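Labels for the chains are A, B, C and D, by order of writing; each one numbers its residues from 1.
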Amino acid sequence: MSDFWKTSISRVRPNEILVRGYPIEQLTRHCSFGEVVYLLLTGDLPKGNEGRLVEAILVSCCEHSLAAPSADAVRFVASSGVPLQTAVAAGISAIGDVHGGAIEPCAKILQRAAAEKKSGEAVLRELKTAGQRMPGYGHPVHSNDPRTAVLLALADEWKLAGKHTRLGKEIEDATVKVMGRRLPMNVDGAIAALMCDLKMAPALGKAFFIISRAPGYIAHAHEQMTQEKPFKAARHEEIAYTGPARRDVLPVPSAAPTPPPNAPEL
Amino acid sequence: MSDFWKTSISRVRPNEILVRGYPIEQLTRHCSFGEVVYLLLTGDLPKGNEGRLVEAILVSCCEHSLAAPSADAVRFVASSGVPLQTAVAAGISAIGDVHGGAIEPCAKILQRAAAEKKSGEAVLRELKTAGQRMPGYGHPVHSNDPRTAVLLALADEWKLAGKHTRLGKEIEDATVKVMGRRLPMNVDGAIAALMCDLKMAPALGKAFFIISRAPGYIAHAHEQMTQEKPFKAARHEEIAYTGPARRDVLPVPSAAPTPPPNAPEL
Amino acid sequence: MSDFWKTSISRVRPNEILVRGYPIEQLTRHCSFGEVVYLLLTGDLPKGNEGRLVEAILVSCCEHSLAAPSADAVRFVASSGVPLQTAVAAGISAIGDVHGGAIEPCAKILQRAAAEKKSGEAVLRELKTAGQRMPGYGHPVHSNDPRTAVLLALADEWKLAGKHTRLGKEIEDATVKVMGRRLPMNVDGAIAALMCDLKMAPALGKAFFIISRAPGYIAHAHEQMTQEKPFKAARHEEIAYTGPARRDVLPVPSAAPTPPPNAPEL
Amino acid sequence: MSDFWKTSISRVRPNEILVRGYPIEQLTRHCSFGEVVYLLLTGDLPKGNEGRLVEAILVSCCEHSLAAPSADAVRFVASSGVPLQTAVAAGISAIGDVHGGAIEPCAKILQRAAAEKKSGEAVLRELKTAGQRMPGYGHPVHSNDPRTAVLLALADEWKLAGKHTRLGKEIEDATVKVMGRRLPMNVDGAIAALMCDLKMAPALGKAFFIISRAPGYIAHAHEQMTQEKPFKAARHEEIAYTGPARRDVLPVPSAAPTPPPNAPEL
């Protein structure tokens, strides 16, 4: 057996599927999807309420209507005569650095700062000096994101909020002093803090939106395919053209003639 | 407000996100992810254990190691220097008609046959006469799929198995008589029967694999990016070339010369 | 060497790349991209002007502004903080059955009808009887598609228009009689006829749009990334919500309690 | 007309398609695909042989057999029962930072160094001091890449090689002195130098592989779909499992019980 196909995630043999060592039928009977997500992403089942918090995070981010580039992309692709999974994949591919992408850099900042026992104010001042913004704070639509509040409350109730979440709140408080106005922690910031307290790798920051939005994209693709007309596109009358005016293709006398196709090498 | 941006799935306003009418913070606090998947795909929250069954289905299909085209695609794409979501999207896009794709046609057959009160044997005989195969039965690796057994058992315990599941089992029994050997219901077949009993549209058949495999693809992409070398590809020594032997590009004397680039219209 | 990695398309060895047998440096020096596309898709270099016609087809379809679902998808994905190729892939994935997808079924109809020496009128009458539409005719924006005219003219000049193209024109003429109004051959229909006369497999019908639009999608992604703001999305004020009014999540007293996470099998 | 749909790339009106101002029928008749790619990516038609060089670059990179992550991804996705464009999109999405991705950073280095009139040796010494590698040099398979040689020769013949190409060659020569062995310019390096001399933006570096490989991916998807069996995947016997041994899901007595689904807010 070569090294080409190698994984620690699961093993398949006839009539046996192990995920991180656990038989799939035991996981199916005893574990929530949140616990299994935790298992897949960290390698072990949670010892307490971690799976419930993962599940709550997944629920909280499942939809943001058409006010998201990814959901809009799903609708256009779904209108073009493709199977369901093709439209969903286009949505997943748009979970980019500015769309669910603040979790990872925010988690990295929180992880490093917590390890170095920095205060929230110190974190913000250092970023300001470096000319950088703190990811995970502020939102273009929500001044008081309902998702942040419920996630932080549940983490408290389930005894899962730790030093990263405390630091995250401290940073929000410090925005008043350092930036001159309160920048509330948004849902990306809350997930970043919680995933650090859950001991998940910051590089997995986009995982939550990817999993959470998948059923939403499916719903959007299905609605587009069953309730709307095919070929959703901007109408030509509504497109502002900002390029050059109509012009003709002109001869280029100086250009060397193209050799005949398949001409022999000289 | 035009009709261009229109959806019944969710509504976003400042500090409010409603999913199918329900405030996101209430869903986050009170509902499992399985219940919210049910809500997104059917339009309403379950009245009983339906969300638990959805959750069990999602857990049961979460991984099948590298023995799946989609997971393999994830590994190659993840090795090429792309962000996490790009690799996951490639995996999602491969949930095709022969990879998680038996659920939809199986559900359509079960739905129609149950409505017409056909027996399992009649279903198989009609397909045989038409020269078609029954999707959702038989598996290349598992003769006794552990996922099927646990899902059917849970559906029984939770009083969610109905006429479609009964018909699905009847079809398995009838394979002995009609095909000459037992073709066991595979996990696609089980999900097809259960989704019909859950009153979900067969056109959503691929939804379960799409959502369920997403965390597995994330784990595979992350493992590839952190544990393996970049640029995973077949080595040229291992590729069997079956095309023409080396040959030279020859002149085509009869071909008309290509006009110079940008030549004027004649 | 196993059969797992096997292809007739190209061979790579140290300092040698053969495409369908031809050394890459000879192809690069002597062949147009259109000729190499023909080589890749048919297995052989053209013997006459076929490469020029392929090239003309590729040029003719390269752009249709934002009046296309695929280009719109590219813009949304490109706005979300992803690399260039991710946005382009979303566009490619939207070359679906109703967006560049008429070429394949149109080519299949033309190929079969030409083999059976059917008239254009007979083709239309048979489709009408079967309640089906003729793909590749009519266009929502162009009553006289400029791409169709130039492609058919070039094919004539280059002696490449054959029986399929003649049949395609005959069908357009017959629409007056059979449908009561002239349905002009659109660019999909023209490409379908020409690809049949070029002896390319109808199953490759989407190839032309895929290749042709790729540079257009790149231009759109680049323009979005460099000229526009990130996070292109519908504004929440502009989205018509058609779902249920705000409602509360209610208790379900009859639902059995969920067992504790990780509870032992009973 | 709002600003939401805005582009300088093309304009569509009934029976008129302008690309960067040029009517599509004129482009189709007079221009090569390489010239139109140049037009789309730079905004203007070439004044000399630039389109021929773009075309040569596109031909040179069209295929690298299965020895590429992207082509392998195409084969797996194409085997799973999806339409052609879905498989091609997976390949395009894998043109990542380590797969065709050296062009952009190499072009940026060449552009800056040429503007500052740095020598090849100075470029390498600065990178070495910073602990960075020079992208675009060296290749795991080709010690003397046939694509590099022909592209540089054609650029010379067509008078298109300028200061960036000269600097690129100088860097290759300097590798002997600075690195102790000759690291030959690979095809990424050659394209990087040529695109700078063609005055194309380095951020478009991946454009060449995206466009060039598209027909190759189509050929691979078509070959997979027509010549191979569905469901290409690693066989379970060939997968090395490196995770935990089989273990049972154990109870977690301390975990708080999950509330019933849909329980009322307390």
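Following the convention adopted for this analysis, a contact is a pair of C-beta atoms (placed from the backbone, for glycine too) under 8 Å apart; a residue touches a chain by one contact, two chains touch by 3 or more.
On a predicted model such as this, the values are computed, not experimentally measured, just so you know.
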Exercise. Looking at B-C and A-B, which pair shares more C-beta contacts?
Worked result: A-B
Exercise. Just curious, how far off is chain C from chain A if you go by their C-alpha centres, in Å?
Worked result: 29
Exercise. Taking each chain's centre as the mean position of its Cα atoms, how many Å separate chain A from chain B?
Worked result: 21
Problem set entry | Distance between the centres, which are taken as Cα means, of chain C and chain B, whole angstrom | 24
Problem set entry | Touching two or more other chains - residues of chain A | 5-13, 23, 26-27, 29-32, 45-46, 49, 52, 65-67, 82-83, 85-86, 89-90, 93-97, 141, 234, 236, 239, 241, 249, 252, 255-256, 258-259, 261-265
For this session: Determine the shape of the graph in which chains are vertices and touching pairs are edges (line, ring, star, complete, other).
Result: complete
Exercise. Tell me, which parts of chain C touch chain D in their complex?
Worked result: 5-17, 19, 23-25, 27-29, 31-34, 36-37, 40-41, 55-56, 58-60, 62-67, 83-86, 88-90, 92-97, 141-147, 149-151, 154, 201, 203-204, 206-207, 210-211, 214-216, 218-220, 222-223, 225-228, 249-252, 255-265
Exercise. In the complex of these two chains, what residues of chain D are touching chain A?
Worked result: 1-3, 5-13, 18, 20-23, 26-27, 30-32, 43, 45-49, 52, 82-83, 85-86, 89, 93, 158, 234, 236, 238-249, 252, 254-256, 258
For this session: Using the touch definition up top, name the residues of chain D that touch chain B in the complex.
Result: 26, 29-32, 35, 45-46, 49, 51-52, 65-73, 76-77, 79-82, 86, 89-90, 93-99, 101, 140-141, 230-236, 239, 241, 258-259, 261-265
